[in-house]
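The two complexes that follow have subunit A in common; it is paired with subunit B in the first and with subunit C in the second.
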Partner chain A sequence: MFLQQRARFAYVLILPALVLITLLNLYPIIEGFVVSLQAQNQMRPNPEAFVGFKHYVRALTEQDAFWSSLGRTLVWTAGSVAGAYLLALGLALLLNMDVWGRGFFRALFLIPWVIPDVCTALLWKWLYGDEFGVINFLLVKFGLITRPVLWLSNPDIAMPAVIFVQIWKLYPVMFIVLLAALQNVPKELFESATIDGATMRQRFWYVTLPFIRSASVIITLLACIWTFQSFDIVYLLTGGGPASATKILPTLVYEKAFWGLEMGYAAALAMLMLLGLLVFSVAYLLVYRSQSEASA
Partner chain B sequence: MSSESGINRRETLALAMGGLFALTSGEASAQGQANLTFWTVRLNTPELAAALKTILADFEKENPGIKIKHEPVSGNLVYPKFLTAIRGQSMPDIAEAYSYHPLQFAAVDQMEPMDDIIALWKSNGTLANIFNEFAYKKFLWKDHYWGVPYNLDIRPVYYRKDLLEAKGIKPPTTWAEFQAAAIALNDPASGTFGVVFPAGNFHITQHFYMSFMFQAGGSILDKDGNLIFGTTAKDANIKALVYLTDFATKHKVTPPGIASYNTDDAHTIFVQGRAAFGFGTGEVISRVMKENPAMFDKVGILEVLEGPGGPSNKLTAAFYNPMFVWKHSPVKEQAKTFVKWFVQPGRLERLYEAAPGRHWPIFKTDIDAPRVKNNRLLDEALRKVVPYSTDFAYPGFGRPEMGVIDGEKMFAAPVNEVVVGAKTPEKAVMDAHEAMKKVFQV
Partner chain C sequence: MTAQAASPATAIEFAGFRITYRGAITLGVVYGLLLIAVTVILFPVFWMASSSLKPAPELFARNQTMLPVNWTLENYRNVWTGTDFPTYFWNSFKVAALSTFFSVVISMYAAYAIARIRFAGRYAFSLLMLVTQMFPHILLVIPLFLIIQRLGLFNTHTALVIAYTAFSLPFTIWMLRGFFEAIPMELEEAAAIDGASLLMTFHRIILPLAGPGIAAVTMFGFIRGWNEFLFALVFLQDRELFTLPIGLASFQEEYTFRWDLLMAGAGIITLPVLFFFLLMQRFIVQGLLGGAVKG
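Presenting the complex of A and B:
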C-alpha cells in the first residue's frame, strides 16, 4: 500500500514533464500530418485546402524524387553506421587493452563528436578540395596519385566521401558505448578461454561478442535513427549533388519545403520518412525491452 | 492583503505584465513612437552591418518618431525564417532579401503594394534615374508593384590583363574569341586554368548559365511569362549549355572539380591568380583588394559577350534586390517612410564603401561618386556590365514561379549534370523543362 502510494506520488511528480514532452513530440507530428493532407503550396492561394493523400500518391509514384532519394538514404545510413561501428569496435578493442597513452587516446577519439556539424562539413570541404585540399595534396606528395581525386565532384565518389565524414562524426559515440561494454566483460572468462587454448579470434567471437551484443544492437539502432535523418553534413558538403548523387531524403524534404515552397508535399515526404524511422525506433524499443526483461 | 502604499501583489503583477507588454510590443507606442522591425539578408557581414548601423542611426535622427530594430537573417535560412514568420503571422514590418521574394510572398497575400512609392518616384524623376526599367518592373505582378529595388547584384566575367597581354590576346568580346582565349591561356604547367566558374549544385551555377542562355537568344520564359525553356527556346538553351560545359568536358580548361564548386570556390581560384578568366559576383573586387592587392592592376572586367543571339542579346544575369513591406504590419506607413528615405541616390554610399563591388547602386547618378572614380574595377563594371543586366524573367517581368525554379536550382542541374557526364545537354535541358513545368502546374 505504502509502495503504491509512493508510486502514485512519483507519477504525479513526473506528470507535468510527461505532458510537456508528449505535447512537444506529438503536436509537431500531428501538425505535420495535417499539413501533408492540405494543398499548402506557398505559391497558391487557399493553402489549407484539403487534398487527401494526393501528396503521398505523388511521392510514391515519382521515381526521380522519393524512391531514388530513399535508396540513397539507405545507402548513406547503412554505409555510415556500418563503417562507424567497425571503426569504433576496432578502437574500443584496442583501447580496452593496457596500451600506452590509453587515457589520452580515449579523449582524442571523442573530438569529432564535440565539433558542430556545420564546422565538420566546412572542415571536410577544405580537406576534400580538388585544388587546395589537404588530402589531395598529401596523396600527390607521396606519389599515390598524379591528378587530384574529385572527392565531391565525381558522382561515383561523392556518396562514399560524405559517408566517410559521417563515419568520422558518428564513431566516437559508438566507441564510448562499446568501450564501456567491453570493460564489463569478465577477465576470468578470457583467462579460462586462453587456458583452454582458444585463439584470439575464438575469444572475440565466443567471449567478447556475446557480452557486447546488446550494447552493439542498441547503439547501432540509435546511430541508424540519427543518420537516417541527418541533414547538415550532406547539404553543406554537396548540396545534394553532383547530379543528385547525394540527394538523400532530408535534403529533398528541405528543398521541397523551403525552396520549392511545397509545404504539403514536403510534409508528406517527411511523414514517409517518419515511417522509415519508425522501423528503426520500434526495433530499438523491442530490443531495449527484451534486454530490460532479461536483466530483471 | 493590501500593502501600506495601497497597491497589492496582484496589482503589482498586473502592472509588471502591462509594462512588459508595452516593452515588447512592436507597434506604435502611446507617445506616437513607431517601432519597425527590419530584416536583412544581404547586409549581415560585420563591415556591412556596421555601415548599416550608421545609416539607420541617421534615419532615426531625422525621423524621431520611428525606431528601427535591425535583425539579420542568414542567407541559408531565409526561407525557413520567412515561411515560419508567415505561418505565425510574425513577419517583419520591412525586409530586404532576394530578388524574387516579394512576388512569392505576394502570391500568398502577405505583401503590401508599393504602387504609391513607384508613383512618387515617377513624379519626382527617381524612376528615370534607375539604370534599367527592368529593375522595378520585375516586381510588377497582377497590376501591383510588390517591392522596390534598392541594390544591384551583378555577375561579371573577370580576366587577367597581364596574362592576355603576354600572349598578345585582346580582351574577348564574342563567344568565339572568349573560347579561343580560354583555351590559349590554359597552362597546367604553371597552374593556371583557362577559366573558372562554379558548376556545383548551387544557385550561383545557374546565374552564369543564364547569361549564356540570353546571349544565345534563349530564355526561360517568353515576354508573357510562359515557360519556353525546353520548347521554343530549347535549341538556344542547349547551345548555351554546350558552350559553357565544353570548357570543362571538351576543352578541359577549368579546374577538374568545378562540379562541386560554389561561389567562393571559384572566387578563391581567381583571386589567388590561378585562372585567366573567372566568373564571379561583384564581391571578387573586394576580395582582390583585400586578399591579393598586388593583383588589382592586373585584373579587368570583360565586356558582356556577344553570342549567337547577336548584339540585341548582349545580356548578362544580374539581380535587383528588393525592399518590401508586410501587408499586416501595424506600422506600414512608417515602413514606407523608411523605404522612401533609404532608397535614394547617394544614401547607401557607406554600404558601397564598406565592401566595394559587393553592393551596387541602382541609380545612374551614383556612378559619379569618388568611390567609383577611384576604383577602376567598379568603373569597368558600371560601364561594361550594369547596362546589360537582366534576370530570370527576361524578356518578361515578374512571375512568382521563378523563385521556386531558382530556389530548387532547376537550371543549375543541367550544368552540373552535363559537367559530370550524367546526362547529355539535350536530356538535361528537357528534364529541367519538365521539372519547371510542374512548378507552373501545381
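Presenting the complex of A and C:
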C-alpha cells in the first residue's frame, strides 16, 4: 500500500518534465516527419498539400545536395572527433602524472568549452583574418609562410580550418572524461608492470588502455553525435562556403528551410540526417547499457 | 634496476623532497609540455581579451603587439553606449534566468523520483532522458518554428523560455539524479520512521545536502541559455528582442571589420560565463561526469 502510494506520487513528480519533453522533443519529430511529406514551400500556395516521399526522392537523387553534404559532414565529424580525442588523451595523460597544480591546469584546459559558440566563431574569424589575423602575422613573422593564407576563403583550406576550431571546442569534455578514467587505473598495476620490465609503450598499451577503453568508446560516440549535428560554428565561421566547401548537413538544412523557404524539403533532409545519427545513437545506447550492466 | 631504487648519487634535494635526476627530467618535460599546451590552447582567449583592450588603430597595425601598447576600455564603452548591446544583455539575462529557474525546479522533483522511488516506467523515463539529448536541434527547429507561429508565439521571449527549459531538462534531470543518488539513503529512512512525508524529507534533508548539485545544474542551465544561438536566431525577429548571441552575430554584418567593437562585445558575453565557471568548475565537472556527459 505504502509502496503503491509512493509510486503514484512519483508520476506526479515527473509529470511536468514528461509533458514538456514530449511536447518539445518528441512531438516535433513526428511533426517534422509530417512536414517532410508536405509541399511546405513558403513561396507557393497551399503549403500543407501532401506530396508523399517526393522530397526524399529529390534529396537522394539530386546531384550536389544531400550526398555531397553528407560526405562533408562525415569528414567534419571524423576529423574533429579524432583530433579532439588525440588532444584530450595527450593532455589527460600529462595531467595524470603526479603533477602539482592538477586542478588548476584542469580548469584552464576546460576554458574553451565554456566560451559561447558565437564568441568562439567570431574570435577564430579574427584569428584567421587574411590581412590582420594574428595567425598569418605570426606565421609570416617566423618565416613559415611568405604570404597570408586565406584560411576561410580558400575552398581547399576552409574545411581543415573549421575542423580545427571544432577540435578546440570539443576536446575539453573528452579530456575531463579521459582524465577521470585514467585516475581509476590502479597505481600498483603500473608499478608492477614497470618492475617486470615493461616499456612505456607496453605499459600504455597493456595497462592504461584497457582501463580507459570503455570511457573512450562512450565519449567518442557522444562526440560524434554532437559534432554530426552541430550548427553554430560552421554557420558563423563560413556560412557553408566558400563554394560550399564547408556545407555540412545542418548548414544545408538551415539554408533550405530559412533562406530557401523550402520547409518540406529541409524537413526531409533533417529526417535523413536523423537516420544517420541513429547509427551512432544506437551504438551509444548499446555500449551504455552493457556498461551499466557490467558495473551493476 | 628500477627508478625507485636509485642510489643517492643520482638524487637531488628539492624543497625537502628527494628527487632522482631522472624524475627531475621527467617532471621538467611534463611541465614544459603543460606550459606549451596551456599557451597554445588559451592563446585565442588571450587574444580576444588583448584585442578588446587595444585602441582600434593598434588592431589594424602592420606590426601587431601581443599586449596593447595603450590600454583602453574605450571599445567596451563604445559597445555599451553606442549600440543596442545593453538591450541584448538584459534580454539574454531574462531568458536564461527564467528558463534556468523553471528547469531546475522541474528537474529537481523528477530527478528525485527516479533516484529514489521504484515505479513502473522508471527505466523508460531514464532512457527517454538519454535519447532526447541526442536529437539534433536543427531537426527540431523546423517543426517548432511552424508550431510557435501557429500558436502566435513567434518573435516572443516566451517561446525561447519554454524551448530552453524543455531542452535543458533531460540533461539537468540526469545530472541531478547523480547528485541525489550519492546522498546516503539512511538519512531519509530515519526521517521516514519519524513520520516525515516524502516531500518533507526531500525539502528538509535532500535539498540542503544537494546544494552543490543544485548550484552546478543552475550554472549549467544558465550557461546554456546565455550561449544558445540557433533557436534565438529562428524564433526572434525584432532587434529589441534579440539575445546576446544573435545580437553579436548581427553586428558582424552591420559592423564588418569593426573588430574593436566585436571583440569587446564577445568579451562582455564571455566574461560572466567564464567567471561563474571558474568559480564552480569543481561541481560542474562532478556533475558532468555523473551525468553521462553533455557538451
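Note that the second predicted complex is superposed on the first by the 273 of 296 C-alpha atoms of A that agree within 3 Å, B and C clash if a C-alpha of one lies under 4 Å from a C-alpha of the other, contacts with A are read in each partner's own complex, and residues count from 1 in each chain.
What we mean here is this: a contact is a pair of C-beta atoms (placed from the backbone, for glycine too) under 8 Å apart; a residue touches a chain by one contact, two chains touch by 3 or more.
It should be emphasised that the depicted structure is a prediction, and the values quoted were computed from it without experimental measurement.
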- Query: Is this a clash or a fit when subunit B and subunit C both end up on subunit A?
  - Reply: clash
- Is the number of subunit A residues in contact higher for subunit B or for subunit C? C
- Message: According to the stated criteria, A:A198 is in contact with first (subunit B), second (subunit C), both, or neither; which is it?
- Response: neither
- Go through the superposed model and pick first if A:W126 touches only subunit B, second if only subunit C, both, or neither. second
- Just subunit B (first), just subunit C (second), both, or neither: which does A:V140 touch? neither
- Message: Quick one: is A:M271 in contact with subunit B, with subunit C, with both, or with neither? Answer first, second, both or neither.
- Response: second
- Could you look at A:V173 and tell me whether it touches subunit B, subunit C, both or neither (first, second, both, neither)? second
- Task: Once the structures are superposed on A, label A:L91 by its partner contacts, choosing first (subunit B), second (subunit C), both or neither.
- Result: second
- Query: Between subunit B (first) and subunit C (second), which, if any, makes contact with A:A82: first, second, both or neither?
  - Reply: neither
- Check the residue A:R44 against both partner chains and state whether it touches subunit B (first), subunit C (second), both, or neither. first
- Task: Go through the superposed model and pick first if A:F258 touches only subunit B, second if only subunit C, both, or neither.
- Result: both
- Query: Both subunit B and subunit C touch subunit A; at which residues?
  - Reply: 129, 132, 257-258, 263
- Message: With touch defined as at the start, can you tell me which subunit B residues reach subunit A in the complex?
- Response: 79-80, 83, 86, 104, 107-109, 200-202, 255-262, 265, 268-269, 274, 400-401, 403-404, 407-409, 413, 416-417, 419-420, 422-423, 439, 442
- Item | Touching residues on subunit A, where the partner in the complex is subunit B | 41-45, 47, 129-132, 147-148, 150, 152-155, 158, 238-244, 255-263
- Message: Looking at the complex, which residues from subunit C come into contact with subunit A?
- Response: 2-3, 26-27, 30-31, 33-34, 37-38, 41-42, 44-45, 47-48, 51, 59-60, 64, 106-107, 109-110, 112-114, 117-120, 122, 125, 127-132, 134-147, 162-163, 165-167, 169-170, 173, 198, 223, 226-227, 229-230, 234, 244-246, 248-249, 252, 259, 262-263, 266, 269-270, 273-274, 277-278, 281-282, 285, 288-289, 292-295
- Message: List the residues on subunit A that touch subunit C in their complex, please.
- Response: 3, 6-11, 13-14, 16-18, 20-21, 23-29, 31-32, 35, 90-91, 94-95, 97, 99, 103, 105-119, 122-124, 126-127, 129, 132, 134, 137, 168, 170, 173, 176-177, 180, 194-195, 218-219, 222-223, 225-226, 228-229, 231-232, 236, 249-250, 253-254, 257-258, 263, 266-267, 270-271, 273-274, 277, 281, 284-285, 288
